[in-house]
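In what follows, chain A forms one complex with chain B and a second complex with chain C.
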Partner chain A sequence: MVNPILLIVVPLGLAFALPIVNLISKKIIKYIPVLAFLFNLILSLLLIPKVLEQTIIVKIGGFHPPFGINLFVGPVGILFSTLIALAGFLVSIYALSYIKEGPKEKYHILYLLLLTGATGVVLTGDMFNLFVFFEILCISSYALVAYLGNKAGIESSIKYLIQGSVGSSLLLLGIGLLYGQLGTLNMADIANQINSISSPSIFVPMIFIITGLGIEAAIFPLNAWLPDAHSSAPSSISAILSGIAIEVGLYAVIRVIFTIFNASSFLMFFVFLGVLTLLIGEMSAFSQKNIKRMLAYSSIGQIGLIMFAISLNTQLGISAGFFQMISHTLGKGLLFLSVGFLIYKTGSMKISSFEGIGKKMPITSLLFTIGAFSIVGLPPFAGFASKFMIIKAALTTGQLLFTVLIGVILLGTVIEGAYFFKVIQSIYFKGTTDIIKRDEAPLIALISMSIFVLLIIFIGVYPDFIARILNSAASEFINRIDYIRSVLG
Partner chain B sequence: MSLELLLIIAFSGAFLTYLSGKISSQLRDGVAVLISLGLVAIVSFLYNVQTETVFYQGFFGISLILRMNSLAWFFAIAIVSFTALCIIYSLSYMKDCERSNYYYFMMLLINASMLTIVLAGDLVTFFVAWEIMSWSTFLLISYNRNGALQAGIKYIVLSLIGSMCMLVGILSIYTSFGTVNIADVANHLTPSSVGYKLFLLIIFSITFGIKNAIMPLHTWLPDAYAESPSPFSAVLSGMLTRMGVFGFLLIMYVIVGMKTTLHLGRGFLSFNTILCWLGAITIVIPTFIAMLQNDAKKLLAWHGIGQGGYMIVGIAFGTSLGAAGGIFHTLNHATYIVLLFLSVGAIEYSTNGLRDLNSLGGLFKKMPIAFFGGLLGISGLIGVPLTNGFVSKWLIYKTLILGNAPFLAFAALLGTWGTVLSVYKFLHNLFLGQLPEEHKEIKKAPLTMQIPIVILSFTIILFGILPGLPLKVINSIIVAAGFQALDINIWGVTSETGTLNMLNIFAAIAVFGAIFWGIFKVARKSTPVDQYDNYAAGAAVPKNKYHYTVEYYAPFYRMGKPFLKDIFDMFYNRIAEAIGSICDSVRKIYTGYVGSYVMYIVLFIASLIFVQLTWSIF
Partner chain C sequence: MKKIISLILLFIICLGIVFCLQDIPFGAAKTKVGHYYIDNGREETGATNIVTSVVLNYRGFDTLGEVTILFLAAIGLGAVLATLKKKGKRQIEPASLILKTGCRFLFPLILLFGAYIFIHGHLTPGGGFQGGAIIASAFLLVYLGCRERKINEVANKITESIAGLVFIVMGLIGLTVGGHYFLSNFMPKGEINTLFSSGIIPIIYIAIGFKVGSELTGIIDNLMEKS
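== the complex of A and B ==
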């Protein structure tokens, strides 16, 4: 049997091997991330059927939990690692033609580390290990945000760094407090013993941990770093930050709430917070003139929607939340990638500078349009299927409150539709009517983006394809006891 | 011929047209015409077929169903026929336009999605097709750039609001009954509470009301019609907007069921009475606003809203005669409004895009086909006997009079009165009177633009004299909805309260016509004068100094202008502006200053503690 630990080891090892390879040949380094994530993708896909049968617990060094560090490769973990590998693979193909300037080897190292961190966060079963991977994820993203080296990039990177460090300190503080009281760092073991101590002394570490993780998860009002960071990073990184990093952060938050603290009574608060995050995100995006900021705010809105769905705390709601994560990764990834070349060719991030670009870059513009349609939730694209599921989940609860909140969320969708459709109009129906010479994005980038589109359409038309894994993933969160039992035996 | 195949042809035909346009534009034109005519042929073969197929089960395990019945067939044949005519018309109209591949692609995609809407046997298919229709319509409304952009945004925002309402409605049905099959839903719904049925009716009425442009949800329509390319304006007004009528029929008489719909509420405050009154308002106000318009397409657009009101009044009144009238009026309206848009389009084509009623005139001799098209079109719009509009309006009037609704009947009459005035302005300012000097030499409208005009003119007369042809199908629709069957014959409708027989009317008009012709023949001959032989107040009109179509109805304009404003449009614009400024201030939460961001983190922790201390939930 293949060991899931390779999912972390291979990209991490390649990241450290990359400087050595760089000494040998500067040309081949950019293919290393492609290889790494192709490997991860294949491995994850191979693991899915096994994991769906039975959760794989990897005991590192042969120590049995709660001693030593263990990986918990359950449906959620494998779902995320597949998603990370998929996005990582496609974006690294895109980056082959997109990343041309700057310290390239550092980009590729950091890119590998960023996604290694993300994979580690979703697979680990140890609290401190979670913190470590989280730091890998965060630190590499601070650096990547400033990759372009311009003023805006460095400024927003520092802002991100400050807020991120506050978050990390809080997280570490929380973990320390827990360790002091329980004497264990194993997540299953903490979860097992959490009821043995009084609730005030768990509450303090819990809010520290939630806040610390919530900063990366872009929960309102902890998301102020996001618009700056996502808009000044190179587009390939924005795609990963929006599509993967914040979702991994959100994963960590809900893992902590559901599995470790069993704080599902707190979820009602998160329902409102989710709706608020959504509204603030969409409303802030509405009047943006800068396309990448607009997309970044839209990500905040999407995170709010995911939070809402998961906080419904039902089987259907959690699966719908995961589904929304998948469609957001695909849709927002596609949007950032296509915008990357639109910006590259026009030299400006202003929406008004895209007027008439639909003639110059018809395929890239079409890809952008499909991504926008999917994010707004129009059929037959993936965003519709996930939105459908979320509304269904909310209405299945049968509570009037959720029905009303769905109304508010759909209002957010209308706002979202309005600003995306305005951009589509500028791309296609403004600017010169003369025939312009085509100046399309490079083929390799187009192929990578087209795979996103195919997946968006495929999942949108055939959502049952992923229904099973979504369902098991939701069960993993709901059945906390199973999690503890499968680790501690 | 299975229904799946029909839709596969419709959708793949759209893509095929686009791809063939990459090879050559002649090939594309050929493919587009072939596909659209092929669809007409296939749909007409499906006449009287009753079938139902599950075509897909991969969407969350929901059985997606296509169904053919008389209601679906009636709308399907209308959709494909009108689209085919408009496609043929587009061949020369869109010849030198940019992005014509895209135009044909969208036309056929919209056609295919409308076809899916009417064939849908379950609500998810219905919704998906509805959304595809909405966004592709948006993409085509924006086609003309400039003013069209604002129209497009207005359309898509209202449309999104509508679809979101519908989505909630559909999912609430799905979660309550576990099925979205329309027939099953209808069965499950029978025992459920009145409140729930009313909720469904209202939430779906918002969607369909927006699409059918019922006041006060009509504001997207005038701009959208005016700014689209004319053949698409024709499709938009003829069929796409009337998907709203289809939706009303579906929700009121198929899903909720006739017996329930007509007994929700008490007295005046019942669902269908209120809908009737909204319909009546929709008839009157837009028709008078139409009179003030100086843009030929905008004038037609406002009539499009007004005529939609007649359909709603007929359908919502809920008698056999009314429902038949409403459905028939949908078809008739499509015939003449398509004809009128195509005629205006021909003028636009010949005069390089002019549609301003103040600067046109006297085109009668230059464009005889367009003139006769326009003449028959406005006759249908008014409801002149021997045109199809007369029959459906007769049915609706009869319903209102028999149903003791004098005020509604008065509103309907008032609407017709306004229509007569405003469409006379339309015809006069385009075709009669002086011909401006610069239009002496104009492009001739080519044959492909004239053929659809001729076919539609012929249809207006055909359905006017032989209303039994379509009424036969309509009769089976209303019988399926649970209404009493009408006694239809080929010449009209027979009933104990009044009989419509177009044969008699036809004979009477023929006889009188013959008499008048005879009198004129015997009387003193008139002297034909040149078109430029004009006099005003006894003096010859100096050329190019005075154009008397300018400010037609000026006194009325002065009187009516302060009252006939589209207050709802202004109101919505105000709301949109307010939302915009709220959004702008929300954005300021992200100050750009790290100190405040760290403050937010502290505030978040504080709020968590506050929640815990107040409700002690953990």
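== the complex of A and C ==
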């Protein structure tokens, strides 16, 4: 029988074994992450049909919840673990040709653990276990942001470290207060015992937990670390941080709000916060001259959009939010990866230095353009389908407020389009008209990025392909009673 | 102005915590999970030390995560320090005879004490983390006392990796052979209160002891060399 625990244990074991492998041969270590995430991808795909039939509860050590730790492998968990494994697999292929300098062995260990932490966060059914995996996710990102060892990297890593640690402390404090009152750490058991969030003794831990998780999720105004951290990390890591890490943070926030605290009255606040995050992210992105900072701010905008969709608190809205997460992971991953080689060849992160690079690196530029089109939301790419679903979800609620907010969001999309087209313009239509010698990214990186493109187009053309899992995922968040029952029996 | 705002924020946070703490009776054993551990811990896990039975059996998965966090911290520190340029050879001033002799004399004793702490983790207070920290302190003493000596980095790395793998492999054996649960206690529990009891707990605690010891030693080594 395939056990979902292997999704966490196998990458973890490989990370532990990597120093020994490094002593045997320095050449094969870079293939270990590829292997690990290929395994995870296959296992996740195998588990999807089973999970859609029935949620799998994995009792670790054989103890019944709430006395032991359990994994809750529901549609949401398996959706995320597939996404993490997919992005992890493709980015590790890309890194085969991208990571050439520095302590490579440590890069691969940290990379494995970063994604193991992310997988753990989305699969666990225990509050303290969530904190532990969250720490694994965060600490490996701190180290990876500083991987290049330049001044900007270390500075932003320290900024990220300080803010992240404050967030983790708040999270731990919140969990502690909750444990003191309820005497349990199991998420389903906590959810079962929480009657109302109106009493201050429940409200305070909730605020602590949401704030602590919100720092990693980059919700405005807790996102000051993000532009620096995402822009000074190696591009392969930026792709993971933008595509996976913040989304996992957001997952944790909404899991806490929906399942544990049942705080649907709180969601109106999140609708506005989402729109605000979107506008601020997009407007800041518009004024950037550094390409990676621009992409990082664009991620903040996208997170705002996802928050808005999920906070609608309807079946369609939550599905649309998850859909937007998928298309953001694919789109932003592709953008960061292609930009990685554009920067590598031009030697500069300035948008102005990309003039005319469309002739020098036509394929990489094309891949960048497709990623940009998908993020902006042009058909037939995945971004169009997901944004369209969000608009549909907002309009079907029938409330005037959401219709107005959709207008604001479309304005944000227009800004998004403006800055992406500015970059595309300077790639293709500026600079010299002379024929320049071609100088492409390595083949292996191009293959990895092309798979991103294929997925973006495939999901964009056949959004129904993932409709079922999105629907089940949305139901998991809406029916919290089912969640509690399936764990506690 | 900034300071005033920070103070006000801090005050609000404190107020919130105070409100919460009022609802939690101090010292009263009302937590249901805690009661369960106290009542059933000995029979279910075979460990006399209830804390150990919680840390390694009921919540063993958390401990695996915590070991990983320490591993991560050591690797992350190594990665960041590796990028810094070496400042040339460090001037080593030899330690005095008293310090040197004392360090030579104490080193094996500290190692022995650390080993005792983690081998008896299921019987007496302490365990892998504490024992590992004590062992690392022995190596710190060597760095301070016998300054020309250096640990064998390769051996340290191998110890660290193998110890981590032992933890995971024990968990996986539990998954495949005994009981179909990851980290299940598949070995015979033995007679309570004896050294060879409580199944996989001592084995995992010894692995943790080695792992924590070698990780902390690695951190000390890294910092000593780059400082």
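Everything below uses one rule, namely that the second predicted complex is superposed on the first by the 486 of 489 C-alpha atoms of A that agree within 3 Å, B and C clash if a C-alpha of one lies under 4 Å from a C-alpha of the other, contacts with A are read in each partner's own complex, and residues count from 1 in each chain.
Keep this in mind: a contact is a pair of C-beta atoms (placed from the backbone, for glycine too) under 8 Å apart; a residue touches a chain by one contact, two chains touch by 3 or more.
Predicted model only: the values in this text are computed from it and were never measured.
Chemist: Is the arrangement of chain B and chain C around the shared chain A a clash or a fit after superposition?
Modeler: fit
Chemist: Once the shared chain is lined up, is A:Trp225 touching chain B (first), chain C (second), both, or neither of them?
Modeler: Only chain B is touched by A:Trp225; chain C is not.
Chemist: Tell me which partner A:Ile207 touches in the superposition: chain B (first), chain C (second), both or neither.
Modeler: It touches chain B and chain C both.
Chemist: In the superposed arrangement, does A:Gly120 touch chain B (first), chain C (second), both or neither?
Modeler: second
Chemist: Students often get this wrong, so check: with C-alpha centres, what angle lies at chain A between chain B and chain C, to the nearest 10 degrees?
Modeler: About 170 degrees between chain B and chain C, seen from chain A.
Chemist: Tell me the contact category for A:Phe286 with respect to chain B and chain C: first, second, both or neither.
Modeler: A:Phe286 contacts chain B only, not chain C.
Chemist: Identify the partner contact of A:Gly183: answer first if only chain B is touched, second if only chain C is, both if each is, neither if none is.
Modeler: A:Gly183 sits against chain C, while chain B stays out of touch.
Chemist: Go through the superposed model and pick first if A:Ser265 touches only chain B, second if only chain C, both, or neither.
Modeler: In the superposition, A:Ser265 touches chain B alone.
Chemist: Counting only touches as set out at the top, which of chain B and chain C does A:Lys430 meet: first, second, both, neither?
Modeler: Only chain B; A:Lys430 stays clear of chain C.
Chemist: Between chain B (first) and chain C (second), which does A:Met389 come into contact with in this model arrangement: first, second, both, or neither?
Modeler: A:Met389 sits against chain B, while chain C stays out of touch.
Chemist: After superposition on the shared chain, which partner residues are touched by A:Val461: those of chain B (first), chain C (second), both, or neither?
Modeler: first
Chemist: Once both structures are aligned on chain A, how many angstrom separate the closest C-alpha atoms of chain B and chain C?
Modeler: So the smallest C-alpha gap separating chain B from chain C comes to 6 Å.
Chemist: Overlap of the chain B and chain C footprints on chain A, residue-wise?
Modeler: Common to the two interfaces on chain A: residues 207-208.
Chemist: Where on chain C is chain A touching in the complex?
Modeler: Touching chain A: residues 16-17, 19-24, 30-34, 36-37, 44, 57-62, 64-66, 68-69, 71-73, 75-80, 82-84, 154, 157-158, 160-162, 164-165, 168-169, 171-172, 174-175, 179-185 of chain C.
Chemist: Report the residues of chain B in contact with chain A in the complex, numbered from low to high.
Modeler: Against chain A, the touching part of chain B is residues 58-61, 98, 127-128, 131-132, 135, 138-139, 142-143, 145, 148-149, 152-153, 156-157, 160-161, 164, 167-168, 171-172, 174-175, 579-580, 582-584, 586-587, 589-592, 594, 596-598, 600-601, 603-605, 608-609, 611-612, 617-618.
Chemist: Could you pull out which chain A residues touch chain B in their complex?
Modeler: For chain A paired with chain B, touching residues are 158-159, 162-163, 166-167, 170, 199, 202-203, 206-208, 210-211, 214-215, 219, 221-222, 224-225, 227-228, 261, 263, 265-266, 268-269, 280, 283-284, 286-288, 373, 376, 378-380, 384-385, 388-389, 391-392, 395-396, 398, 403, 406-407, 410-411, 413-415, 417-418, 421-422, 424-425, 428-430, 433, 461-465, 467.
Chemist: Mind listing the chain A positions that touch chain C in their complex?
Modeler: Touching chain C: residues 1, 3, 5, 9, 12-13, 15-20, 23, 58-63, 66-69, 102-103, 106-107, 109-110, 113, 116, 120, 126, 128-129, 132-133, 135-136, 139-140, 142-144, 146-149, 154, 157, 173, 177, 179-181, 183-185, 200-201, 204-205, 207-208 of chain A.
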